[in-house]
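Shared chain: subunit A. Partners: subunit B in the first complex, subunit C in the second.
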Partner chain A sequence: MESAIHCSNLKKSYGSFTLDINDLHIATGTVHGLIGANGCGKTTTIKLLLGLLFPDSGDLSVLGSHAIGQDTEIRQNIGFIVEDASVPSLMNAKQLSDVLKQTYHGWDQGRFDLLLKQFQLDAKKQYRMYSRGMKVKLQLAVALSHQASLLILDEPTSGLDPLARDEIITILSEFREDESHTILISSHITSDLEKLCDYVTFLEHGRIRFTREKDELLDEFRLVQTTHQMEADIDSDAIVARRDGSFQVELLMRAQDVPSFVEARRLNLEELIILLSRKGGAA
Partner chain B sequence: MDIILSNTNQDPIYEQIAHQMRTQIVSGILKEGELLPSIRALAKELRISVITTKRAYDELEREGYIETIAAKGSYVATRSHEQLKEEYLKKIEDHMRSIHLLAQFIGLSEEELGMMYQLLTEGER
Partner chain C sequence: MALLLKDVFLIRKRNLIMLFAIAIFVVLAGVQGGLVNTVMATMMPLLMGFTTLAYDQNDGWEAYACALPFSRIQIVKSKYVLALISIVVSILLVLIVGLAASVLELKTMLSNAVTQFTFGSLFVAINYPLILKFGFEKSRLYYILVMIGLMSIGSALSTFQKGPSMPVSLAFALPVAALAGLIASYFLSCSIMKNKEFSGS
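What follows is the complex of A and B.
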């Protein structure tokens, strides 16, 4: 499969933190989730991919470019959301679009105006007067208005209310309908956005713990809720992770290891990641 | 075509899709030769992963319910309706055979069996 993003042995250090992405491959036409706790290296990864940071060593290729930091032509095809996007605070959306018209060859003013309207953003209001959610929406409107084929979104739904999150999922679903379009979304913990993801990469302490097809990952595990007493009959080697309560115990197990005498249910991605984070087990 | 996904349902999403499409093909709501939405269009509408919808289609294709023609799309397979009905009849027959066997064990009369069935269907109404 053709890859939109490929990283190998990518390293970047700050003080005691080291990001070490030994192998990350994102195929064209897929939606890829980058998940993990605060400080695990998601934002650093995204900044490296956008050319906002330079790696200490290793190779990365984004839409075929190996030097995304210098490659302004390729960057035309990337729409992005980053937390500290340096939009001049005194500018309003109208003035911003006047600048972006000159920046992007593919700028589509009609599309931008439509998105502003859909997001109920006041084009005359200064950026600094926008709420956090409005700032994210404005960035998304920009990202979707210059005919990008790759979206790289750092925490696109953080600070948004459920209604706005829902709108964003709809818009991303539409973007993804074109099979030449690729989306990379990061999230500190998975949200409703997980539904869109074909693949997930779980980052922990600057390293990739795993990259998996999401459905396959969810099919693999089950949550067993049982009593401490009942647990004695379960093979302890088959327990991947656990959470002990006073009155019950929750066990993460592989579906095929679940004994027939206990009840087991499927987990959503958020529950699964939390349990896997508790223990350095394999996945 | 109607597809209702449930978060509380324990079946994986792809299985929920495959199951509902299967039912609609067998009951004739989805007609033989009918063009189905593309994998990407369905993923967009249901707001789920493309891999998930692809898996549902792959399963239906393997089971012979749908056919995919490259660059054209997926269709309800032409074998469908009559043959599927035949398959279902066979399945019902198998179940009846085991019901018959179980009923014999405990000496349940045909009348009592009939009443049980009646109660069951009334409960669904």
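What follows is the complex of A and C.
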């Protein structure tokens, strides 16, 4: 599959933190989630992809460009939301669109106005007067109004109420219907990513633990809840991760390894990531 | 153009008091002349441009603009263009008021225009790279020191001046030197901006 984003041997250090990505490939037409705890390198990765940080070494390509920091033409095709970068607080949406229509070749004023209406955003209200959710929605409206083929979104649903999060997920789901559209979205709210993503990459301490197709990953594992006595009958090599409780134990196992004498259930992405984090091994 | 338009929107927002102060200094510079009035007639509009830099950095617009389809050179250029427009407009306004009032000699008015251009250009030339490099908040002290330093130099020069207007050699040398400083500053700012990273908090 064609790559919308490709990183190889990418390194970036500052302070005591080092991001070290051996290989990250995000295929065109997919939704790819970056998962990980705070400080694991999600925002650093996204800032590198937007040219806001420069790699110490390695190669990255975004929509075919290997120098995204200098490539203004390629940036015409990228919509983004990123931490610490925002629109001027004293401007309103109307003024912002006046600026952006002179910035983006493909600016679609009708689409922008429609999104403002859909998001119930007052175009004449200053950005600083918006709530956190409204600010994200305005930035998303910008990202979706210039015919971008790639969205790079850093924690777009963080700090939002469930209703606003659902609204944003719905809009992004509509965007992905076009097969030429790609989304890279980072979040520590794994339930949002579970609804949206085709692939997930799990980052931990600046390194990729794994990149997997989401459904395949969820199909692969089962959660077994059993007693400590019954656990003795289970092959210990088949246990991928465990969580001990007072009366029972939760075991993460591959579906094919689950013995018939115990009950097992499918996990959601959040449960799986938490258990895999405890284990420390690759999925 | 888009970046200049953004700055115009910001300047328009909350600068009525500033506009009033500019009007006062422009009238005083045009009618009375004098180093302080003349310099302030240019500094005040420049300060309005400087506030857009402060807003840009506080709001995260500087990083946002770098991810938009603008080159970093365009971002720097827009700030210098805005500063030059501010200087030229302030010179023209003082000249217009001076000609209308007909109190000062033409030679004095031209001498004041040279002072405006020189001080304005040097103020921008020294401060913009500092603000880009260290941020508006950290540069605040330098920024005040530069203003005081320039005023002191101007004041010292004016004491050697015999009449109300400056010698012809100085009238040519000062703007040329200031322009050279401005050009050097622009390239320095471009270099700072090209290497700037936005790692955030």
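Here, the second predicted complex is superposed on the first by the 281 of 283 C-alpha atoms of A that agree within 3 Å, B and C clash if a C-alpha of one lies under 4 Å from a C-alpha of the other, contacts with A are read in each partner's own complex, and residues count from 1 in each chain.
As a working rule, a residue touches a chain if its C-beta (ideal position, glycine included) is under 8 Å from a C-beta of that chain, and two chains touch if they have at least 3 such contacts.
The model shown is predicted, which means the values in this text are computed figures rather than measured ones.
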item	value
Partner chain(s) touched by A:Leu114 [first = subunit B, second = subunit C, both, neither]	neither
Contacts of A:Thr30 with subunit B and subunit C, given as first, second, both or neither	first
Subunit B versus subunit C as contact partner of A:Val82, first or second or both or neither	second
Touched partner set for A:Ile274, first subunit B, second subunit C, both or neither	neither
Subunit B versus subunit C as contact partner of A:Thr103, first or second or both or neither	second
Touched partner set for A:Val262, first subunit B, second subunit C, both or neither	neither
Partner chain(s) touched by A:Thr170 [first = subunit B, second = subunit C, both, neither]	first
Touched subunit A residues, subunit B compared with subunit C	C
List of subunit C residues in touch with subunit A within their complex	1-3, 5-6, 9-10, 13-14, 55-56, 58-61, 63-64, 66-72, 195, 197-201
Subunit A residues within the subunit C interface of the complex	14, 43-44, 47, 50-54, 69-70, 72-73, 75-76, 78, 80, 82-91, 95, 98-100, 102-104
Footprint of subunit B on subunit A - complex, ascending	29-31, 169-170, 173-174, 176-179, 195-199, 213-215, 218-219, 265-266, 268
Subunit A-facing residues of subunit B, complex	7, 10, 12-14, 40-41, 43-45, 47-52, 55
